[in-house]
Amino acid sequence: MTGVGEEAMDVDLKSLGFRVEERRTLASGSDELLINMGPQHPSTHGVLRLLLRTDGEEIQEAVPFMGYLHRCAEKIGENVPYDTYTPYTDRLDYLSSMNNNWAWAMTVEKLAGIEVPQRAEYIRVIVAELNRIASHLVMVGTYGLDLGAFTPFLLTFREREEILDILEEISGGRLCYGYIRIGGVTDDITPTFATKCRAFLRQYVSKLDAINELLSYNRIFIRRTANVGPLSAEKAIACGCTGPILRASGVDWDLRRDEPYSIYDKFDWNVCVGKGEKGQLGDTWDRYMVRVREMYECVKICEQALEGIPEGPFRAKVPRNFKPPAGECYFRAENPRGELAFYVVSDGSKRPVRVKVRGPSFCNLSVVQELSRNMLVSDFVAVVGSFDLVMGEVDR
Amino acid sequence: MVNILQEVFEGITTSLKGMKVTLRELFSPGCTLQYPDERRIMPERLRGMVVNDPSRCIACNACVNVCPVGCIECEGEGKGKERRPIRFAIDYRKCCWCALCTEVCPTESIFMSEDYETVFQDRTQLIRDFCSNPIPPKPGDKKRTTKPLGVPLSGRVAF
Amino acid sequence: MHFVPYLHEQFLSAWPASVVVLLVALIGAGIMLAWVALVALVAVWAERKVSAHMQARLGPIYVGGFHGWLQTVADGLKLFLKEDIIPAMADKWLYIQAPVLVFGGAFLAYAAIPFGPKLVVSDLNIGVFYILAMSAIVAVGIIMAGWASHNKWSLYGGMRTAAQFLSYEIPSALHLMPVIMYAGTLNLGEIVRSQETGLFGWAGIFGWYLFRNPFLFLSFICYYISSLAETNRTPFDLPETESELVAGYHTEYTGIRFAFFFMAEYANMFVAAALSTLLFCGGWNGVLSRNIQYLPDPVVFLLKCSAFIFLTMWLRWTLPRFRIDQLMALCWKFLIPLGLLNIVGSALWMYIFEQV
Amino acid sequence: MNQEAKAGEPKPPVINNSMRFRTEEAFPVLKSHFGDAVRSLSDTRPDRHILVRPGFLPEICKFLRDDPDWQCNMLHCVTGLDQAETLAVVYHLFSMPKRHFVVLKTEVLRDSPMVPTLAHIWPSADWLERETFDLFGIVFEGHPDLRRILLPDEWIGHPLRKDYEMPTHEKLRELGL
């Protein structure tokens, strides 16, 4: 390969920390190629940059670089009051802002010992599970897109639009809801909310079956994803992977069941675990399929929660000038992408001293580098897609 | 050999199933709207652009203090009940449509309008001073101007 | 080409023969160019509508009134007017040549495609061979584009093309062999005529090579699969895989040069559909006997081609794409052995059942 | 304002939260094993933490990971903390088989913030420590690849320290950022 930007190569290698000898072999006479995948690559799902060292189509090494979407979420957290931080949590993992809002609200509620009304808990569960479905739909659709199937993408987006319509009706927003707030929810559900939800959930399962027929069980799709990038359970735990990725590796772990926060212990549903049906355990197909199956379970939870909404207030009385007691608190919640945890240190004033956001995508992404060894570029796209990264949360 | 045949068979049958789905979609109606011509009916709680009605505003600065991004600038004049804004500017470049300001407003003068078309011809229009450029009253828009988001059932515990 | 001597003698006797030949050739080429452009425009519009409706969208709807039928014309105009960017580090000469070569390859193949018994630009004796050869030129153009762009993703696209197109030349030729054996000629018109009657003198659909024997049916499916690969369509669109290689070989192309690639893809699609129709599906022969065919020949032919093009689109918007090694395995481990088997099988069938 | 006073009173958390923090139970165990290396148990609410000396951190963590009573197989979070005089690193260790959390904290001086790395104990420490280094400037000794992770490589300073001053736009332009 003659001179594909040798100067550019130098810079990349320096920041990579490659040894000098290695750089020399790469610059002259080596058959290897250094390629930037991203930050504007279509299948890195945002502004993730991966530097690939490839031999032909085979990847020798893939080094992720991020921070292109770093918006100082933690620094901002130290400078705004607790409730005012909610709109910022919307924008962490912008595909599941309800869940983010909820995790933040629960963290502060735990810190301050606020009791949330039952009605609010039910509403929270419903909207969060709807948002989880929406988020998984995006993953399923874009994953098809990564592997060259266009139609599932728009079909899943059609379903997602319906969820967004429902959520828009109660919160007023379509992507960043800011609906779940400390002490409850912003506003009560609308009179038509329950009927719309039920109508949606009723027809939704059949739509999901169609997506399964179109994509999940397609032989080409299975060939592309099964046995690709298997992640063992031990490795997943050690690397701090959580959520669907951990479950796909065969670890039967879901916070909603194992650490039932809110009212999740009242519902009857199953945790979906990867079984390695089509290939090795914890391969890309498992990671994909765990999400698809989770969507069916979300429907179950939603339906049960819709049945049980009690009457009552939808928001606890939280003082306007809210000051939680001094202390520290760590709380995690099961988000569509894994366990989102907030670590808050309070000194008793209006603003937190420290807000740490432990984003699930961040920890999940750290596995990619190891998984990518000796993998084809096409497989790598499949693997990165299966991690369902949202860069807003990785970079914060 | 058997494997290959099975593979081929599965490949063909699953592809045909997929083709059945796409064919069904081909004859089912589309779900898109031709936007400028057709419009969705927006929900009542839609969070459009934040606007302020200076005739009701008392320049209490509650919204300025609660705004997480600091997009509101307010200067008031007078004391007590006489207090009125002389400048109330919202910077839409910063606004994050969170509706926190509408909840704290004691007079319900600031609210999320139904205007969701946030395209402007130049940047200066993105900062709107509602004192010099007040919102035109909408006749059919009574409800939104009187009931902002998040009024708890038990009276006004504004937060 | 009886037309040329006639024209020369009657009207243009003062002109040298070579000039008249050139003139006629240019006129023919102009007509064909217009036809290719028309095919591309209609096919692009159809693709957009088909994909849109499969995806619960509407597709182009405004330009031109009826379902946005002028949308592609508008887009073409837009592409004409767009800035033509040549990357600074690109191999300029190759970069400019590549789209011409890609389009040229697709365009040249049209010369030998008969649209009816007499409706052909050049009635070649080696029509099948010629079309296969011309569509191979496309591969060269794409490799050139990939190399000259000086973009690593484009280079991958180019290299994938080299592997994919050259491999799939073999099965697509092999699976045409049984038909050629049956017809005993490479002339496309002759091949179509030989499909007018089949076994036991049954006419119509039973004359089509597709239904002559099981090996030919298998050949047809395999040929169709390899033609998908050769025309660069999903599930075999590896050279341009927008999710892996950004846009593969045409990542760097803009404006009119990109339009050429785009047009070539649809022109090629038509050539592949035309070959399937002519060789396997009886060309312009209708479903019933030729004596009771009411539609004009070209219309029948184009209808069949449209059906194939629709099938191609349908597949594209349904299936995910293969990986490069699976693609190659499909070719070398499945299609090529099957091609050889089909040749032997067809030969035996011909010997045993049809006493040829 | 009586609301505020009520919220300020220490009262048991009433929300339904089954995250099990066993930091209090871990403290005497660690104290008996490591003696002075384990300094104190905080009395923060609702979560408490064990303050340990930075030098003994890897040993303590290894113990917590391998001991059958604790089995903390997951390092859930690594957080930096600016405490005015000192910088601190907070570790949230989680045990999946035992379903409990243990929170460790270690304090280092602002001038020489050196903490041994845990990357060889839990691979997840790799990126979390890089992030802490990036935003707090705490150096993790023995870390395989300690680079900035969220900020550009050329960035000066560590923004989550309380004394960090946000560079002006002019300054950033000067740095070419």
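Residue numbering begins at 1 within each chain, and the chains themselves are lettered A, B, C and D in the order written.
To be clear about the criterion, a residue touches a chain if its C-beta (ideal position, glycine included) is under 8 Å from a C-beta of that chain, and two chains touch if they have at least 3 such contacts.
Since the structure is predicted, the reported quantities are computational estimates derived from the model, not experimental observations.
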{"item": "Of A-D and B-C, pair with higher C-beta contact tally", "value": "A-D"}
{"item": "Centre-to-centre distance between subunit D and subunit C (centres being mean Cα positions), rounded to whole Å", "value": "64"}
{"item": "Chain centre separation in whole Å, for subunit C relative to subunit B (CA means)", "value": "50"}
{"item": "Centre distance in Å when subunit B and subunit D are each reduced to the mean of their C-alpha atoms", "value": "39"}
{"item": "Chain centre separation in whole Å, for subunit D relative to subunit A (CA means)", "value": "23"}
{"item": "Multi-partner residues of subunit A (each touching 2 or more other chains)", "value": "151, 155, 158, 214-215, 218, 220, 317-319, 322"}
{"item": "Shared interface positions of subunit C, touching two or more other chains", "value": "54-57, 317-319"}
{"item": "For subunit B, residues that touch 2 or more chains besides their own", "value": "15, 18, 21-22, 25, 31"}
{"item": "Touching chain combinations (by label order)", "value": "A-B, A-C, A-D, B-C"}
{"item": "Complex contact set, residues of subunit A against subunit B", "value": "80-81, 83-88, 90-91, 151, 155, 158, 161, 165, 168-173, 176, 178, 186-188, 190, 210, 213-215, 217-220, 313-315, 317-320, 322"}
{"item": "Touch list for subunit C against partner subunit B, complex", "value": "50, 52-58, 61-62, 314-315, 317-319, 333-334"}
{"item": "Subunit A partner contacts - residues on subunit D that touch it in the complex", "value": "1, 3-4, 7-20, 44-47, 49, 73-77, 79, 81-82, 90, 92, 96, 99, 101, 103, 122-124, 126-128, 131, 135, 145, 147-153, 159-160"}
{"item": "Residue numbers on subunit A that touch subunit C, as the complex places them", "value": "4-5, 33, 35, 41-43, 57, 144-151, 153-155, 158, 214-215, 218, 220-221, 223-224, 376-379, 381"}
{"item": "In the complex, subunit C residues that touch subunit A", "value": "51, 54-57, 89, 150, 152-153, 156, 234-235, 237, 241-246, 317-326"}
